[in-house]
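Labels A, B, C, D and E are assigned to the chains in the order they are written; within every chain, residues are numbered from 1.
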Amino acid sequence: MSTTELSRDPGAAAGGTGADLVLSGITKRFSDFTAVDNLDLVIPSGSFFALLGPSGCGKTTTLRMIAGLEQPTAGSISLGGKDITGASSYQRPVNTVFQNYALFPHMSVLDNVAFGLKRRKVRDAEAQAKAALDLVELSHLAARRPAQLSGGQQQRVALARAVVNQPAVLLLDEPLGALDMKLRRQMQVELKKIQTEVGLTFVHVTHDQEEALTMADTVAVMNHGRVEQMGPPQELYDLPRTAFVANFLGKSNLMPATVTAVAGDTLQLEVAGNALTLQKDRATDHTGRILVGIRPEKLRMEPDLASAAQDSIRGVVLDASFTGASTEYLVDAEGVGTVGVFTQNHGGALFADGDRVRLAWDPAHAFGLSGSEDRQAGAGEDGL
Amino acid sequence: MSTTELSRDPGAAAGGTGADLVLSGITKRFSDFTAVDNLDLVIPSGSFFALLGPSGCGKTTTLRMIAGLEQPTAGSISLGGKDITGASSYQRPVNTVFQNYALFPHMSVLDNVAFGLKRRKVRDAEAQAKAALDLVELSHLAARRPAQLSGGQQQRVALARAVVNQPAVLLLDEPLGALDMKLRRQMQVELKKIQTEVGLTFVHVTHDQEEALTMADTVAVMNHGRVEQMGPPQELYDLPRTAFVANFLGKSNLMPATVTAVAGDTLQLEVAGNALTLQKDRATDHTGRILVGIRPEKLRMEPDLASAAQDSIRGVVLDASFTGASTEYLVDAEGVGTVGVFTQNHGGALFADGDRVRLAWDPAHAFGLSGSEDRQAGAGEDGL
Amino acid sequence: MALLATGEATGPGPSTGLSSAEEEASKRRGRVGYLLILPGFIFLLLFFALPVVSLLATSLYIKPEGADVGQFVPALEFGNYLVVLQDYWPAILRSFGFALIATVAALIIGYPMAYLVAVRLRHRKLLKGILLVLIIAPFFTSFILRTQAWKQILADEGPVVSVLRSLALLPPDGRLTATAFAVICGLTYNFLPFMTLPIYANLERLDTRLIEAGGDLYANGFTTFRKITFPLSLPGVMAGTLLTFIPATGDYVNAALLGNNQNTTMIGQVIDSRFFRVVDYPGASALSFLLMLAILFLVILYVRRFGTKELM
Amino acid sequence: GTGGGTGGSSSKPSPAADVSDSDKTVSWANWTLYLDYDDSTQKYPSLEAFSAATGIKANYSEDVDGNDTYFGKVQGQLAAGQDIGQDIVTLTDWMAARLIRLGYTQELDLANIPNSKNLLPTLQDVDFDPGRRHSLTWQSGFAGIAWNKEAFPQGLKSVSDLWNPELKGRVEVLDEMRDTMGLLMMDNGVDITGDWGDQEFDNALDVLSKQISDGQIRQVKGNSYKEDLISGDALAVIGWSGDITQLNFEEGDKWEFAIPEAGGTLWSDNLLVPIGATHKANAEKLMDYYFDPVNAATVAAYVNFICPVEGAREAMQDINPELVENPLIFPTDDFLANTHVLRTLTPDEETDYSGRFQTAIGN
Amino acid sequence: MKQTIGRWLVPVFGGLAFLFLLVPIAYVFAFSFNDAGRTNLTWRGFTLENWKNPCGAPDVCQALGNSLQIGFTATVLATTLGTAIAIGLVRYRFRFNATANMLIFLPLATPEVVLGASLLAQFLNVGAELGMGTVIIAHTMFCISFVVVTVKARVASLDPKLEEAAGDLYASPAQAFWRVTFPLLLPGIVAAALLAFAMSFDDFIITNFNSGNVDTFPKFIYVAATRGIPAQANVIGSAMFILALLVVIGGQVLSHRRAKMLAAR
């Protein structure tokens, strides 16, 4: 079947398609631990909203509050202008694809998918459920029990079970985590298709940045129960506003710098003896010590010849690793530390360990952060 | 501690460092299903060997036979010249990091790590175990039970528990699967360090291609119980010999072509009306209908101007997805189908859906496969 | 403790993945909870707790001078406890001794049974099912009938004794029944399912990959059992030993049918005859209460020492 | 008071209402080997005949294994005046005395039992039931010694012979204190009808205790000793006269019974109507039936216990003339001279001795 | 070599244990064909008579009927009460949690004589008439704890996320219970009920204390043992054993087949 057959059931969603999801001042405390901290979010109806953040930052908790599976300690949630803070989960036009699937083990795959429809006494529940199974390419397994499916198949059943209800808001908690790369990409395309064609609001939690960046209209990066930065994916990637976002979303080289002068729209910087420039509107701070950041792929790596170009630093190749489509270098830059560089394998010459190189970039891609930020924030130590 | 303290215990490994692991004609049948099919492998002592392949292709089964946890239906296994086909698992100088960790839940982390040493009555078992825990940065959790650790921590304990025994061969079954990207990279570095410094033989199973490509000396790509191609990672990536390998290891654009002429080292091809060339030694077949392949990152995408360059095809941009460091395009190429293109986000102009483009490449990066191959093999349908 | 296999046998159940603290925190509060537990608890209060209290009261009654059989008046005669303790401490000790031996024997016999069914036959669903039923089905033959059968099988003129005598494994006037040996055998036999089932339930959830990991780490079969399998099954062993030891201590049917009258007297027999022959309710109650306290004391010590969540 | 069971309720329970007219049944709890039995039909012929004659269906059960055990089983209910499910129970004199004393029995309407006049004169007046208002004798008998003739051909003469090492572990004695202790005391030369006391009792108890703990005595049992005789676990016993004869009928002529040289005990068992019984009239009909001399002789010819019915001896002529001269059924005075009844015990003595006896036999 | 011994040790030893378990049952079965007299102790010849007329011995069938009736009633009561407690204890928080757990555990830690005796003392004190009613109460009482413990394990292993998922999919709390929670607990409940029934059916000691003049099958046999157990009792014991075997194995085979069919699809 095609996704168009999954036309929206007007009875299912309380507020219809025009239902913005609004979280105001939401806080969730577990005894003395604050999992979500005074969160404000507006998720426009019909948008694909991604929540990114390290493990334990409060993503699942946020979704559970939206779903009504958890009561916020403070704050309110409204959907399409209607306050749903106190409503039970079964009364909300919201469905969840659980992080752990939560399939009913005693029911067939088809019964699992039809469960929500039957509860709402939808007439052709079975047929709709079959259609949803088609969508995730599992109709041939409709009669099986969940235990007889592979992890990836189970996850797709969970997806179908939620999507089939055409809820106003669909909450997805790492819905593709168990799928291998190829299948994952395929499902991403399907999900995006469903979302645009049927016009659902998706709130998507994922660890996979690429997934968030490719699929979402808006990405919010969470840390310790708060949203650090929010916006369209390219904007967030291009201009992170905190070291955490810069490091967590892709890789960044953050270098301590001192503002030596302000010239019109441009800041003059000094980094370990090199004179650099930075656009004023791409920096959060304009005086004193700041951090200047540049993405590894924005760096051009050239053999270190005498001519010291503007906006470049020098270093020695420490390590080169071939990753197929590209090669990742670690360069020990003088006075700056280790800098990561990323070059596409067009087939040009590769550098080897020990080569002296010069790294240059277009100042339009550099960004400036407050000097008080922790250069390592979000760079992976959280998971330890 | 540093890895150098983990000096090899000469008693542990039967064949000492000079122990090549040789699998000859290994077949494993489960009732009527052949999981591993007449497999021949020589894994030189001290090498880092990676086994790649889709889910269910027989990787775990192969490892289990090496570990002695499963008896091959046919064939023999020898280590350092000694036939170990019939030896029990506890008699083999081989250790495994299990896909599911298999930590002993009733023992502390330290006791888990010390278990193998104690069985071999190593004198300073505890001290060595502590050193191994240091290595995986978990010494502060030595007293905990496995259930009190996060998934990633558990996996590292499993790693430490195997590494500490300094076996002749260490089998790693997706040892890093549960770790997030950052931690994973860090552990990869550690593993590689242990392997080179201590000189163990690693047989590493992974789904993560990048991991296999960056870490291994030799990569074998398995499919349906057989090895499709084997060699150093760059070689495999640069010159795949089957469509399965081309698609499974990274992405490939495979286009049906006809050999129109052979000129010295070069084949003249025709692809959907475009005249192309291909190096003779980069093609498996030299006549008739063949498949010509080119990696997405090897394609240069340019606005479609009149001048029809050699080795290029034309198309229309279907989709562009921003993935942070790069952008992935899908281009509908005339007469060829959808072609993937991959461009690093240096900050140049991006193409938009509907743009007419020309895709060009250096023939030195194209490769030729037999025309009878399935273009889609290994491209993700296997996981379904 | 899941005493029985849960038919489905889909292997290890889904773990909730919660630590016990988190689990506690995830519990709900509310009236529904009380509605659920109240009926059962009232029942237990009325028919377990209250009777135990009235047993305690009865144990302090006295028989007035010249009163006829079975006639007592309420009092607070704690001396009753001294009297029965003085008369019957050997029977109490013997009961604990017999029960202990029987428990160990049942463990030695029951563990391999449970292991065979739960681990070795894990994938032979049908055979496993049949053997599992064989463990429970004897309940339906009535244990008295089976004990009586043992009595006949082991009788002096029966087949076993004759064979043992002719093999000179038993002296010509030797016998098996009416001996402590027979009583302990009977106890072992009759409480075997109570040992086997909890161990089975535990081993069924055992991850056999841990056994493989043991082998991979240089432990031979026996060491793997000693270091891994057995420690992991301890909760099942705990439950099994308790469920065997407790009823075995209080049992009197085996002693009555298979014992002789003095050397094998168990405390249950004494309580029974104090109630039903001598009609000495206070004495019988005092003994019952003592027995209950003694068992409770031992059980709590045992649980403290080895700790189990399975029963409590 | 705490009522029925444990309390010292002095108020005696009152008899249940009689439903005999509407419900033509009667339930009777008796000892095993105590009524004529037909192996092939698995029925009790005289009882069948009674039912045929009166239309009353009899539920006969061999529930009494010993006086103490049976009393313990039902005493709680009797004390509460509840129906124990039996309309007639058969218990020995001293136990009958206890039941009557405690008010646990209903008074018989002798008018309904005209044949009660046939009760032997010596049994008409007993101290525990003056005028036989609550009880009628079912059978009398002897406790003596018995042995397996095949396994132990030399036989037994005295109680001490039971302690023969050849019989180690194959001897069983009765859990009936008056019989076992009586025989043991007589073996010690005590006159059990006389004024014996703690000393004499303890001496005999020591013997018993020693033989049990040495393993000479296998088990101390009620009427179920007969099972062990059959299975062969027991080769020699202290047992009851008629039982042995009946076993010889049913299992082949294997055993022999004797009154020990030092003397045997004599006892009588009585039919009683428990306080909660609801078929007293039917019970009285049944009693009347068995006090008919012919019926009594029929039973006696099978059970071989002493028949308490006047005229039964004459009736026996027609049934089995051989048995007329059997002293176990119709004892002569000579025979009776060597058998005795343990003297009546006061309630306190009874509690004391029976407690010690129970302790000695491992209860 | 060592390995081989290890491999055989368990099956051989386990097999012997099963043999041990079954020997007396085989004996009971064999002697159900004995052409017995009043006692069934010695072999006197083969007959089918006992099987043809299992109720031939007075009272044995009545005792069996009582046992079944008591077993069913006590099982239903104990399973209902115990399951409710198990769900309550696992899913809800109480202030007197420790006390509650103790009240469940204590009956398990109390020997049967004590349970029987105390209950009897209580019944006598309040003047309750001993009979079916009191036996059912007694059996329900000692079965509850077993049910709670068995079902509790099942509830605890039940992922609470499933109930949440049901709620998320528009099931009201009642629907979530009946459609998700209950079916998932069912195997545990069935196991608990089976166990409760088995324990009730086989109980002698507590029954003996509290049954007055009502006979159950075990009590009948215990009493009959003093005067000779009729061969019909062997017939009934064997038949019940075989019946239990057939019922459970039948169920096994059915579910086995269904699983196979499902897998085949």
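Assume a residue touches a chain if its C-beta (ideal position, glycine included) is under 8 Å from a C-beta of that chain, and two chains touch if they have at least 3 such contacts.
All figures in this text were calculated on a predicted structure; none of them were measured in a lab.
J.: Moving only to chains each one touches, count the minimum steps from subunit B until you reach subunit E.
T.: Graph distance in the chain contact network comes out at 2.
J.: Please give the intersection of the contact partners of subunit B with those of subunit D.
T.: C
J.: Determine how many degrees of rotation, between 0 and 180 and to the nearest 5, align the Cα atoms of subunit A with the equivalent atoms in subunit B.
T.: 180
J.: Subunit A to subunit B: how many Å between their CA centres?
T.: 26
J.: Between subunit B and subunit C, what is the separation of their C-alpha centroids in Å?
T.: 56
J.: Nearest whole angstrom, what separates the Cα centre of subunit C from the Cα centre of subunit E?
T.: 15
J.: Can you give the whole-Å distance between the Cα centres of subunit C and subunit D?
T.: Distance between chain centres, rounded to whole Å: 38 Å.
J.: In subunit C, what residues contact two or more other chains?
T.: Within subunit C, residues 14, 58, 152, 220, 272, 275, 281 contact more than one other chain.
J.: So which stretches of subunit E touch two or more other chains?
T.: Residues 3, 41, 120-121, 125, 159, 161, 225.
J.: Would you please write down the residue numbers of subunit A that are in contact with two or more other chains?
T.: Answer for subunit A, listing residues that touch two or more other chains: 100, 105.
J.: Show me the residue ranges of subunit B that touch subunit A in the complex, using the header's touch definition.
T.: Residues 54-55, 137, 150, 152, 179-183, 185-186, 207, 209-210, 213-214, 233-234, 237, 249-251, 295-298, 300, 321-326, 342-347, 362, 364-365, 379-381, 383-384 of subunit B touch subunit A in their complex.
J.: Tell me, which parts of subunit C touch subunit D in their complex?
T.: Residues 58, 61, 63-74, 87, 152, 155-158, 173, 175, 177-178, 259-265, 269-270, 272-281.
J.: Provide the residue numbers of subunit D that touch subunit E in the complex, in ascending order.
T.: Residue positions touching the partner: 2-7, 32-33, 37, 39, 42, 59-63, 65, 74, 76-77, 79-80, 82-86, 221-224, 226-227, 230-231, 250-251.
J.: Touching residues of subunit B toward subunit C in the complex: what are they?
T.: Those residues of subunit B that touch subunit C are 67-69, 88-90, 94-96, 98, 100, 102-106, 115-116, 119-120, 147-148, 161, 165.
J.: Applying the document's contact rule, which stretches of subunit D touch subunit C when the two form their complex?
T.: It comes out as residues 1-2, 5-9, 68-69, 71-73, 75, 79, 98, 101-102, 168-170, 209, 212-213, 215, 217-220, 231-233, 347-348, 350-351, 354-355, 358-363.
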